[in-house]
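Take a look at these structures.
Both complexes below contain chain A, partnered by chain B and then by chain C.
On to the complex of A and B.
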């Protein structure tokens, strides 16, 4: 597997705002077990592809980014405020932010950065440490107020390079925000990203994450969230076109009494391997979770879902439901799904369910008997299946990808 | 809450089967090496193929590491500190029960398994295994009239070596896992059942396992073969005395069904589970696997797991024959410091195969109860279906219930459905029953029994009642 010492020496010297973090990350990486098939969380991951990602040089100022030029991006509807986390931009500091949003100063960053990583118990997570050791670009925002304009954060990709980035978002008490994070991917590019989110009491975040690759790009992402009481966190993620995609949403309800909703859709074509590894922990009573994870696997692709829900003793009256629904559309494709419940509290309602199948014959028959062609029926059913998740994306996110095209390509491969 | 407290008090009835039979036993000295294995083989007058089988297994085992993925957190077992063979003296198989040591008969009678002619359970043939050897097998002649072979595996090795050579290790290979390899090297006794073509076994078959020595591991081996269009129902029961040391029990059970055959395998496992502080008890590390080789064949596992300090057991089905069926019905109850990591594997290989999993876990005290199961649809399992349901009930806020279903599909024309839920004994339901004049304990036990109904319905009649009683007994003092 990856020789961490070799990789560390290939990195540029520590510098910038994240210098201290880089130093610490590089120091602790050799002490963390590298991914291996023997480790349950890596058992299903294609480790050769993972290794290939870390053979890529780190994207830096001056890296080629023609495919990512902003003029190719869809317009953002008013009043969306767009930030591009681009090492070619001279400095994020020069951006004029709307009212209610401000950049954290160095002092604050030193105090707060990594706090949510701790809370999510991710300090020994190999991917997190890799990111710490290599990320030079940080966007750290503090947000306060109820009428904040929706925020769009674009993570551009660089041909044949690994972009290692970090985002920190603090939502103060009573703040409401719509946020869309877009990971672009072309030409063997890769992303390593940690997004830390802290939701204070009664804060509400509607978070959309889109990873839209061209089939050759990869994503290794952690979304780490800490929720205070009465806060609400809604995550909708769509992963597609990733040669190797791995998204790890971690949510901790630190005092319970919060509401979490996770909706995920992963669509894999060709030889892609896309996985979601979620982990939700209730550290206080009366928490609420609603999770729906969908996957469509076609061609020779592979979709993986691993969903952990942890309900310790003090998390009484937790109400959690998790559903993993998978469509397997080709006999060469593969689906692995593993919902996991670990419960100690006795007064809880926890359910989970999982299904794997193809489109239902009865449903197809119903439509065909109404004169709709088989091709069209399949397309409609697939669209409806995906729409279930897509409809909860914020900020008209669908402008970032052609859903019809997506469905046609999945269907043609069946 | 008063209810809460009293629920808590219901679980701790003393273990009824904890007595030790004072009988002279012949034991090997502690430890395992090639010599011990040769000695076991010699003792049992085994043919060469079996000795080779054992030695191969031992070689494999010495290279293997003890698995730790189940996170059962038990102290390291010293495999050189275990006695691998113990048998009551004068243990040659008796031609009639009159020759069996009366103390042994008495022991089994105390356990509710009368072996003597007058008191036998009607219509159930029993193979009684005491430590490492089989003591007696009842109704052998009657079964032989139908061509059914039911005897201890040591007897089968001598009498039917061809069958043993053909089938032993064909479902659970010697290098399958650490404990199966150990068992293959040192297994001492167990049952062998062979149902010939077209025969429906005229009575229920049953084996009863009893561990008596505190420092002896029990390594039994069961092999059941059902030829074309035959069927059999097999029951298994287990108990052990109370020792404050941990005893290892590593069994292997292999089932084979050919075309249109069916095997129903039921277990009531009530090994000693250790005391309230979690001291002592049996480590129950068992490999059970059935292979549906023939078309339309069926294997059904049902189990009630209430004992053992640690249970590590996944009765599985390999569904190879077209339209074959696998079933798994389980109730696992853990209390005090017990740990159970149990579930099943349904490996769909053939077309149109079907499997059903119903698992009910009840955790009380400070115990931990996990369901771990794999459902796999292979590339050729077109038209196959699986349905799984895992429910957990938590009693008290210090017990844990975990669910780890692994689901893998490589066949689009198959379907997998999995459901799981967690609940507890609700105040409202208790209140409802109590307000109708039902005593508290009875109400709890009614609710638990209702929770497990789906599984109890699958148990043979005699067992269902016993399991229900056992559960109520085990729960006594725990609810709360």
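On to the complex of A and C.
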């Protein structure tokens, strides 16, 4: 497995806005257990691939990113405001932000950065610590108002390099925002990212996350969210084309009475391995969660879902539902799904369910009986299956990826 | 309508079929010509729906003996989609709900596939919208159902109307309607039956599978067949359906037993 000390010595010297964070991360990393098959949360992960990611050099200014040049990106629908977290671009400080959005200053960053990591109890998370030790690029925004233009944050990838980035977004009271975060992935590149989000009272965030790689790229990402009362957080994430993909959404409703909706879709092909490890904690009463996690696995790929929901004694009248629905389209593919509900409060309503199936023969026959070929029928059924997650993405996000070519070994499922 | 010298569309000869190890059809013989309406009646489990699904090419059934010819072609070598493109339409007894797949998109793709097979020009999105709206009147269907997922949240009657709408769009040569009347109230039954009557022509044929005379009050069959134990036991005119309505299936059962003892 990854030798922490060896990896730390390979990193460039601490510098920039995140210098202190890097120093602290590097100090604590050797004290944190490295991923191991003995550890439940790493048991299903291909650790050789994980090691390969951290063998990559860190991306810096001058790193090759031809494939990710802005001219290749789809146009944004107006009035979306786009920010690219690219070290080759001019400094983020020089961007003229729309009214209601401002960059946090150094003092604020020092005070606030890491607060949500603490609230989500992720300080000993190995991936979080790896990111702390290595991230040089930070986008920290404070947002206030109800007429904020939608925001698109692009995370470019760099050929053969690990892009280690950090995002901090504070939504002040009564603020509403549509946010789309796009992780690009080509040519053996990888992302390590922590996105910290704080939703103040009655704030509302519709958050889309897309990672659409070329099959050789990887993503290790944490989305860490703290919600105050009467806030609403809607996360829709789509992961595909990742050699190794791991997204860890952590949400804590710190005083209860908030609403959380998580909709995830992971699509794995060939030899890809993609996993979502969610953790939702209700630290107050009357919280609400609606979670739908879907997966489609073809060829010899592997999808994993681990969904933790924690309802302590003081989180009475929590209303939570979690559903994991999975399509296994090849006899060589594998899907592991595991709901993990820890409920101590006694006056709650928590439901969960998990299914793993193939495409339904009767649905397929119905479409074929109307003259539609088996391949086209399967594609329509698959698109339909994905649609109830995709339709929740903000900012017409489907322009960023193509799901028509999902099927590589279509006949197998029949 | 029976037309003298009309062409034979469908011919089933000595058809035997099974699902897994269970024989269902045990020697079905049937001829359907252009312009004709045939009614196929029989108890539950007699093999009616199996015959319908086999005609449409359902992959779960294995043909062990016999043949089916459609317009002089061997149907048994063709995939379900090839049969549909040639003009075979199955109206399902229980149309499946397919969440996420737009009904309108499904209808458009199916219609264009059939049009393409008939060397007709495919319709673009706008042309198809006009076309489908003109056909909605046949079954008095609310356009709102086009915007939904296929059959999702449709009532029993709406599902059956959606089936007849597909029949109207695909303009099949033979329509096999499997218990289209089941789950319909009287008004819905009349609307669906009226749709079937409007779509009948001297060049097409219909095979109605039903339990009840009430559908046959609305669609008058030229021939009535009674199935029992995987075979067509009796064939007659519309009076045979009236006889069944009056006497039930017991006399058919007795006839089957006599046949077996002989």
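As a convention for this text, the second predicted complex is superposed on the first by the 404 of 414 C-alpha atoms of A that agree within 3 Å, B and C clash if a C-alpha of one lies under 4 Å from a C-alpha of the other, contacts with A are read in each partner's own complex, and residues count from 1 in each chain.
The rule is short, and it goes like this: a contact is a pair of C-beta atoms (placed from the backbone, for glycine too) under 8 Å apart; a residue touches a chain by one contact, two chains touch by 3 or more.
Note that the structure is a prediction, hence the values are computed from the model and not measured.
Room for both chain B and chain C is found when the two structures are superposed via chain A, with no clash between them. By the document's definition of touching, of the two partners only chain C reaches A:365; chain B does not. Of the two partner chains placed by superposition, only chain C is touched by A:384; chain B is not. In the superposition on chain A, no contact is made by A:23 with either chain B or chain C.
For chain A, the partner that touches more of its residues is B, with chain B and chain C as the two candidates.
Of the two partner chains placed by superposition, only chain B is touched by A:329; chain C is not. Of all Cα pairs spanning chain B and chain C in the superposition, the closest are 13 Å apart.
Residue overlap on chain A between its contacts with chain B in one complex and with chain C in the other: 414.
Partner chain B is touched in their complex by these residues of chain A: 40, 313, 316, 326, 328-331, 333-358, 414.
Residues 69, 377, 379, 392, 394-424 of chain B are the ones touching chain A in the complex.
Contact residues of chain C toward chain A in the complex are 56-60, 79-81, 83-85, 89-90, 92, 95-96, 98-101, 105-106, 109-110, 113-114, 117, 149-150, 166, 170.
Contact residues on chain A toward chain C in their complex (touch as defined above): 360-363, 365-374, 376-377, 380-381, 383-388, 414.
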